[in-house]
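Dropping the structures in below, format is structure tokens.
Heads up, the next two complexes both have subunit A, just with different partners, subunit B and then subunit C.
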Partner chain A sequence: MSDTVKIYVDEKMMEVPAGISVAAAILGHSHSHNHSNDQSRKAFHNNSMDASPRAPYCLMGVCFECMMEIDGEANVQSCLVTVQDGMQVKRQLNTEAFHYKNTEDDLPENRRTNND
Partner chain B sequence: MINHLDLLIVGAGPAGLSAAVAARSCGLDVGVVDEQGAMGGQIFRNLHLPFGRDVLDEHDKELGLQLFDAFHASGARFFSETTVWGADKNTVFCKHKGKSEKITATKILFTTGGMERPIPFKGWTLPGVMTAGAAEIILRSGGHISADKEPVVLAGNGPLLLSLAMHLIDEGIPIAAWLDTGRFSHKLGSIMHMGSALGDIPYLKRGMHMALRILKNKIPIIQGVNQIEALGENSLEKIRYQKNSKWHEVASHTLIRHENIIPRVQIASALGVELVWDSVQRYWYPKTDEYGRTNLNDVYMTGDGAFVNGGEASINKGYIAGIAIAQDMGVLSADEGALRCAESLAAMRKTCKARNYLRYVFAPNPDAYKVPDETIVCRCECVTAKEIRDAVREGFHTPDEVKRFTRAGMGPCQGRMCGNALAEIIAQEQGVSVEKVGMLRNRQPFAPVTLGEYCSLHAPKI
Partner chain C sequence: MQNNHKEYDVVVVGGGISGLAVAYGLCKNNEKLRLAIIDSPTELNKASRTNVGLLWCQSKFLDVPDFARWGFLSCKHFPELLQELKEISKIEIPVNFTGGLIPTLGEAEFTQRGDYIQKLKTALGAYPGSMISRSELESKLPKIKFGEEVTGAAWCEEDGVVEPLLLFRAYRSALKKMGATILEDSMVYDVQAKDNNAYKVMTSRGEITCERLVLAAGLANRRFASFAFNDSDNATNLDMPHNLHDNLYDVSYNHGGLPIFADKGQVLLTERLPFVMPIPLLGCTQTFGGTVIIGFKHETRGHDATVVPEAVSQEGAWALRVWPELAQKRIIRSWPGLRVMPNDKVAIYSHLPNHPHVTVINTHSAVTLAAVHSRYLPEYIMGGDLHECAENMTLKRFGFAC
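Entry: the complex of A and B
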């Protein structure tokens, strides 16, 4: 099985080995000699709270830092999905922080408590 | 998908596959689900692909291929990319490609394996920082860890760093520094257990061989590192570390941290399986007998998810569980069961003794949990160590209470990444033991489920 498949990351085509995960494909197969252009070190998504750049930490299904949009579905753990020919992958780059922290109204009674 | 099974196995790693082979040999109808795209778990990851085989050493490769062959010949069914998110008595709920399924089974065996112990440090959320397991997966996916074979930095304390270093040397990737966070006194304590490890000479030989290669390659090993910081704007640019209260810097775009393996106990905890604290390795594990029986009827747990003894032990642990399950179902007599288990049981006990040595050698340094105030502990919800400490001072004394107040552990990973550190920090702050503080309670669903996925369970069948 030394075949390759073509996936599209933010509409840019990448030819990667078949049988590997989307996250491993992007981390291991998109290096560039030019650091500012290195796609392997680019964020997979921005954290929904502070908008900081995130990329896979564990690559095996635990950390959820590999979340991306795959074939139209958002927040998919890309380390658990095997690359398929023609797959459309999008980084979830939302640079706007969710401002509920570090503000003056950050009092216990104003905190969200409905989600457990 | 499937109607009813005699045995459903959750996790297709060494323990799960081996249990399936054993149970099939007794005539049970067996299905195995795994959230990954292929079987093998972490140790035999990508063994079905050429570059996965290239990276593994001969010993592990042979073990894995034998197991795969036995599984394929067994007639057990395998369902990949299938994540289990719920369980109730003899029913399991899972999702596959956006749809939920319900599977019923007479017996359920969880072989969910281990994960690397997450220890928070400044900058650990930066792209370019990853675990040893992640680096290993990149190599086994035919990928490059760094551009142009740029040097990488290793940090931590655990057996996986050793085998990863071997693979990096094989690939020609230089190691700029190896920051050892272990405690020398633990390594001394481990000498007591060396005697039992000597019962397994080949095992020790492999370890010695690895250590010798590390020495031969003159990798700069820096001992006694007690703080690590990853620095960079949008991705890792350099690493700072503290040794003997002095700070040093090393430039690298890749930092690989490994702090040993802990069992994945989220499902055990949510189901109400009794958990026990291991004070050496500082983790909770489900209380089982040698055969994987838990305190719940029809629920079994084994492999590294029950106690970390490594992949080789897991093959035997799984086999024993598979036979025990057939025996508990009345398919085998107790005598027949004992006979069929005998060989695996003896092999397992031997490997576990050797592994017990490693349990002490790589015991985590409790000081590693002295996380600086400004460091993010909960990666998902961006909760810092200071927020956790403040919550404790305000009167919240358990991980669950602190979670409700700070949101630590409420993000998509459901506390998998921060749960252990959260409990350690709360315990430090109150000056009590982690065991007393308890662990973050897990609830169903075990994995995030979209409304669509949930509702697909109840949609009328057309």
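Entry: the complex of A and C
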């Protein structure tokens, strides 16, 4: 049995230790897919609401910050999946953000404070 | 901190959303007030940390129109409250004042909800909501594909949703800036009357005395209020266990005469979704973090606060009938919560028998009611009257002289 396996992250091959989690494997290679100082390039995914760049935090299946697409399945917690030879991993980078509004103009008229 | 004796004008027992709301109002009305809030460790069962954050006035309390009005009044004052809290705390509290929707499955449910709203309209004189058809629902929430059984929804423009934990944090931050003392991670072991205008609170940080006492400790109010009830049967078995963790769910305590009970809810939380729900749907509501909280159950199981898979799966199954796409989403977690439920489901704002300086606050819907709690309850706590909507919400209705 080989000590390493080959996985593909955004179609780029990485040789990583066998038996570790996908999140750990990619964190271990973060230098190789980060060619600029742009922090967002290190992201595993962008938050679905505010599009902020996210990366693994708890590494034990609680925080959901390590979500990526693995073998075609989206939103998988990559810290809970063991690397397999030939695995296709894709980061979920989507920069479309929702910004909640909380200004006076967004209130229904009967609830604006200057309406009292 | 043991034996560190302190004196305050007002002590609020309980740092949940109700206690913080009235403490904020008290400090706002009198900046010289010496006020302390005592909050127990987070591992204790806390309703304020388990809820969705809905501001919900609609389709409730047909039999108690004043309580329905009280909710609408709070929603009306909410923008002003959030503006004040933001100015003092510098915390932006996410909120949508966009109305609220209760989806209906099948024709019978649609008719039943419609009948209820019609009766509410009659009882209240005016009511800012109505039933809407499936196509109107779809136009309000175009990014959600509703299940085939969805016939429409009950709509109310006064409802909304707030980020409950940030509301909580903003209150705490504002209070600290206003000079209030928040005693964190502190156990209240008991309260005693020194006479009827001085009270002693025994805490893990020593004894605290105060002129006025507010009991906003949720279900634990039964224990703390028991000193004021004459019936000695109610005052037994009040010993505090030595180990905090034995007391997680308060099971060992007799009820101290306060007519409230634990109303259990349990919810499922999905993974984060893109923002698709600008108007909250009751029962499966998207949070400001993008996750969806699914749950609607009311169960009476005492202080049993375990998650029961069979129960949450019923909630999940209902949510899939409303919004089938959720079947493709992961469940991140599940958690239980115990609502504070007065026996007649109407809020209790009351001095205790023979103790006009002690005020008990016990209600569900404490997020929705936060704005009226901050605005109107301080006057009553300091010896004035209750707002006209709330004047029948004392313990008198249960036969107590107070």
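Everything below uses one rule, namely that the second predicted complex is superposed on the first by the 86 of 116 C-alpha atoms of A that agree within 3 Å, B and C clash if a C-alpha of one lies under 4 Å from a C-alpha of the other, contacts with A are read in each partner's own complex, and residues count from 1 in each chain.
The definition used in the following text is that a residue touches a chain if its C-beta (ideal position, glycine included) is under 8 Å from a C-beta of that chain, and two chains touch if they have at least 3 such contacts.
Quick caveat, the model's predicted, so the values are computed rather than measured.
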Residue contacts with subunit A in the superposition, subunit B compared against subunit C: B
First (subunit B), second (subunit C), both or neither touched by A:Thr82: first
Which superposed partner A:Met67 touches (first subunit B, second subunit C, both, neither): both
Partner chain in contact with A:Lys42 - subunit B first, subunit C second, else both or neither: first
Which superposed partner A:Glu96 touches (first subunit B, second subunit C, both, neither): second
Partner chain in contact with A:Ala24 - subunit B first, subunit C second, else both or neither: first
On subunit A, the residue positions that both subunit B and subunit C contact, one per complex: 47, 49, 62, 64, 67, 75, 108, 111-113, 116
For the subunit A and subunit B complex, residues of the former touching the latter: 1-2, 17, 19-21, 24-25, 27-29, 31-33, 35, 38, 40-44, 47, 49-50, 52-65, 67, 73, 75, 79-82, 101, 108, 111-113, 115-116
Contacting residues of subunit C [partner subunit A, same complex]: 75-76, 78-80, 82-83, 92-97, 99, 157, 271-275, 288-290, 329-330, 332-333
In the complex with subunit C, residue positions of subunit A that touch it: 47-49, 62, 64, 67, 75, 96, 98, 100, 102, 104, 106-108, 110-113, 116
Interface residues, subunit B side, partner subunit A - complex: 35-38, 42, 46, 48-51, 80-81, 83, 98, 115-116, 118, 124-131, 133-134, 137-139, 141-148, 234-236, 253, 264, 379-382, 404-405, 407, 410-413, 416-417, 448
